[in-house]
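Presented below are the structures under discussion, each in the form of structure tokens.
The following pair of complexes shares a single chain, chain A, combined with chain B in the former and chain C in the latter.
Moving on, here comes the complex of A and B:
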């Protein structure tokens, strides 16, 4: 065989790790510290506790945990942190980027290829960054006869709607941006936006292939929304609430997938169709309609739609975890942090170390995030696997599955949950 | 009608119909254009428009002598270059009166069967990606390297071999070729049996291809289909069996036939043929004379009399014939190439009428059609 596949070697792996660390340190020292100095030099410096905050003092504070920790802790309680970093956009974007990387490597291994390998030295981990830079640097071409305001707005609306999902997802106890009492209803409401955005995007391009793709997407999304919503009614009947955090808390003893496997299967299949993943990717069927409703998007507009679709993938996987797999519930893996270390410090032979202030994260929060992330990655794995195994389905067969089979199975699921409720096995709030 | 307000017209029947230009700048067309008219999701009419890669091979052949014609005649289908040179070499041997050595005949059979598999794998890979099955695109493309390596050992080139010449083959097999060939073919046979579980037994593939684009037996004959398309409709016609050339009558193989005539059968026949090719290669390696010359000595600029000949072989896409007319000069007077691709393309408008748009790639590529060869 003349195929030369690079083989995994531990030495190269460690060397590439060290290379990346080296460059991070170099760039931080050469750019980061001068940048902080410049900023501190120019801003209006406040007077704190009777002394003027000079740049030198500010840098001293950065190294003093007793001053920095309370500030960081206060920052973490703000809404801005929750929306931008955790459990909002930053966390979701990190998981979505990881999803793209895992998808490419996994598919490559399945198809006897190598996948991204060279970019970033470490098994192609920076490939996504390279792709993003390429998309940003490309020219944005808009069709001459397109309806330009709507055409421009469609990718932004798509990303915005996908990001709106993330505000509903409870990642760990207390860590959710919008803890709505009608969380599940809000989830259905956001799903309802996507057909409209897709049709706007495809129709405003004023081109034939996007139009056909948009109509297909409309058919697909609208007909799979019904089984998707029906499959979740069983959970609402048994928990008696629409609040996602309370639904997670109701699963502290057992996840709902044990009692409602049919509902989970229906929801999973409807989810694949809503996400336009293979085998239901016919709005983007390239051998028939070029790239479907994405055909006329170029440059970063295409990149935004892709970002939106991967955020949507993460959000649906997270909702599956929250509703069927018990969310943040799991065995405790974090040992309890001893209180005296915080108050009195720790003695290590000749030296004594003091960690004043409060710990940034509670053990419950770290444990919940860990279990939530592990379960979400597991569900994403099962969403990605069909791409290597199945061909694309046809539109009439797809609608047949949606209207004839999934809706019937969703009703079966509702009857199962009703019988569980009336026979007294389960009730609102868990086991009776 | 006159009461209608100005600017508003009644809808005509034609307004419902949308015309799609699938190709030449389209990921699912190849080097051609298919003008498809659709009413909703159903195809009303289909008009294939080949000719974007016409290179005038037949005219070029009239300005070169019998030997220098070889490299450019294989260009229409470089994945199957041994099979497209086969009828040319057979014809020139007849009009020049050359007697091919026995060992060369066996080597030709081995090379042409290997090349048929190389072509079929490439075709199968594109069929996979047309149906959205990306693994079926990567696996055959990777396994193709096994056979390309064998052909590289044999001829020195990966795709454009120019290996067959009038009077034999260009050079003998290398020393350990037989062992390597048996080993690679055994592995290859094991690999292509796995395609059955991932592709041909896939429920979604079956639901998309079974009973789509059905070509009845009588229609297949009257439209002039050939090769895998004809055999998928239940007509047992294989040139290797019906008009054996070289040593095919000594070898033990069978021609595969399926009854249904739909896209699934048309996509399965080439896969069955690949399994048959492995059998032929193994059989030929057993029966080949262990030594002997592989080519006859040719004059520098051979001339033939006022003769004409027609020879055909079974290529990867059906029967491939060449009609060669000589008028006593070193160059042929006329070389007419009749290819299976073009004859199978004629079936496309008949098959696509009334089908759904989603079936277009499944039917189009199942016709075992290679656009470059059809244009010549």
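Moving on, here comes the complex of A and C:
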């Protein structure tokens, strides 16, 4: 019956599998392990339990169960791990991917549709993977009269700027890639790059609809940057620091949203505009200008822009959590790691195993990450929900909101924080 | 490490600055201008002044370069500019640049700048802020007045009368 493989025989199938396994083993032993060994000579290896990990011993130690966990712990302290996996790209991309799926399902439920359903049996849970594979395997088509260098560079720059944004976010105590003294200023500097990239991408496509979308994006982003920056000045005035980790630590008793709700609302609206979300999605208005500044992107270039925009969404939600909702602060719900496992090991009947270096993460770190993630997901929900509810607004009304209402409200917020500071409620001599 | 990055960044900055003047395409010229402004921001980072560097990026790359890009895109180049190729002008320009470099260089060399020790701690920007609020407060107040009056002026200029009423009547 099968049309795909009419002469299917199980024996041939097993033989081909075994062939593949054979060649994989051969290639790994002949090329893979020497390559790893060569790489190990060129990187700084950690000191574990008083002994330097040499390239000659590294593979042996990894196979030794009593030394695996310390090596993994040392690996987790490296910059590479932080950038690639935990507070950095991997964590953010995971949250961004979850956001895309949840957005589609949530909007479908809000509008009495089904949403992604067939891919992966259970509520279309593999839809995202299918979309990703489709984008990767599609041909990249570039318009004939496009400005090719800028057109190629734009998606990469977009993802790069979003990733630079992520590097500023403190996820839990000590877990931040770039703990700058001027973190908030770096945040302002990075959001200044997005309009440039957008307008360059739209110009380089040499097509009408992208250009209209790009000009709209430029108007929108540049005019909403001002209330975005002004709404954060109140926090800086009260905390007296620009370091994002210190701003989180200053909120151990109460989050700033209690004292600065106006600033939080202004920041949230300006954030929606910066992210080009509905009701401010004029740059990508699909019912007016095809897909706005994304019209000419195809294949993985479009995929990269989408990845960048969802990374940006995560980063903005995380910045909102860090500045207004108290970041990693929250009640301690993680139990302490049981001491007898560290001292006496795990006992299973007659066998007891002692594993050195066992508390892989401190309970504070897990607790902080938990609260940070919960709050970030909540903010992401609040960013997603307007898409199912609001229509798109006109560009003159958008600019009117940005230049009149939001800037005025941001100044009101600054005056509130100044009065709190000078009346002695908060700041030095007050509750903090 | 610092020496190598200083060399690379200075070469990039100068090349970008020359490119921004010499490139025929205005868009690429403005991108090159952005590159040279970013290079200057890196110089500030190398000089242990991250505060100034971030402001350089936020203000010059984030706002002024956007303004230039925006203007360039809204303007049709052929209608305004006519090519004037005059080798004499080029030589005069090069000569002026040399005179400027020699003059500024001699001024800087004669000042006390070269005796700054490189191992001193970076200046804390909080101290700069305190100085602004205590000793230099008249300058701060004047600057704040100028900026707020310019913001008010911009808002007044950008104002469109009766936009709501027109739409209601239509």
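One rule holds in what follows: the second predicted complex is superposed on the first by the 351 of 432 C-alpha atoms of A that agree within 3 Å, B and C clash if a C-alpha of one lies under 4 Å from a C-alpha of the other, contacts with A are read in each partner's own complex, and residues count from 1 in each chain.
The definition used in the following text is that a residue touches a chain if its C-beta (ideal position, glycine included) is under 8 Å from a C-beta of that chain, and two chains touch if they have at least 3 such contacts.
Worth saying up front: this structure is predicted, and the values here are computed from it rather than measured.
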item: Chain B versus chain C as contact partner of A:388, first or second or both or neither; value: first
item: First (chain B), second (chain C), both or neither touched by A:396; value: both
item: Chain B versus chain C as contact partner of A:199, first or second or both or neither; value: second
item: First (chain B), second (chain C), both or neither touched by A:112; value: first
item: Touched partner set for A:313, first chain B, second chain C, both or neither; value: neither
item: First (chain B), second (chain C), both or neither touched by A:273; value: neither
item: Contacts of A:238 with chain B and chain C, given as first, second, both or neither; value: neither
item: Which superposed partner A:287 touches (first chain B, second chain C, both, neither); value: first
item: Interface residues of chain A shared between complexes with chain B and chain C; value: 396
item: Touching residues on chain C, where the partner in the complex is chain A; value: 27, 31, 34, 50-51, 54-55, 57-58, 61-63, 65-66, 69-70, 73, 125-126, 155, 158, 163
item: Sites on chain B touched by chain A in the complex; value: 18, 20, 26-28, 41, 128-139, 142, 145-146, 149, 198, 202, 204-205, 207-208, 356-361
item: Interface residues, chain A side, partner chain C - complex; value: 147, 150, 180-182, 185-186, 188-189, 191-193, 195-196, 199-200, 203, 211, 215, 218, 222, 225, 240, 396, 400, 403-404
item: For the chain A and chain B complex, residues of the former touching the latter; value: 1-3, 107, 110-113, 208-209, 212, 278-279, 281-282, 285-290, 387-397
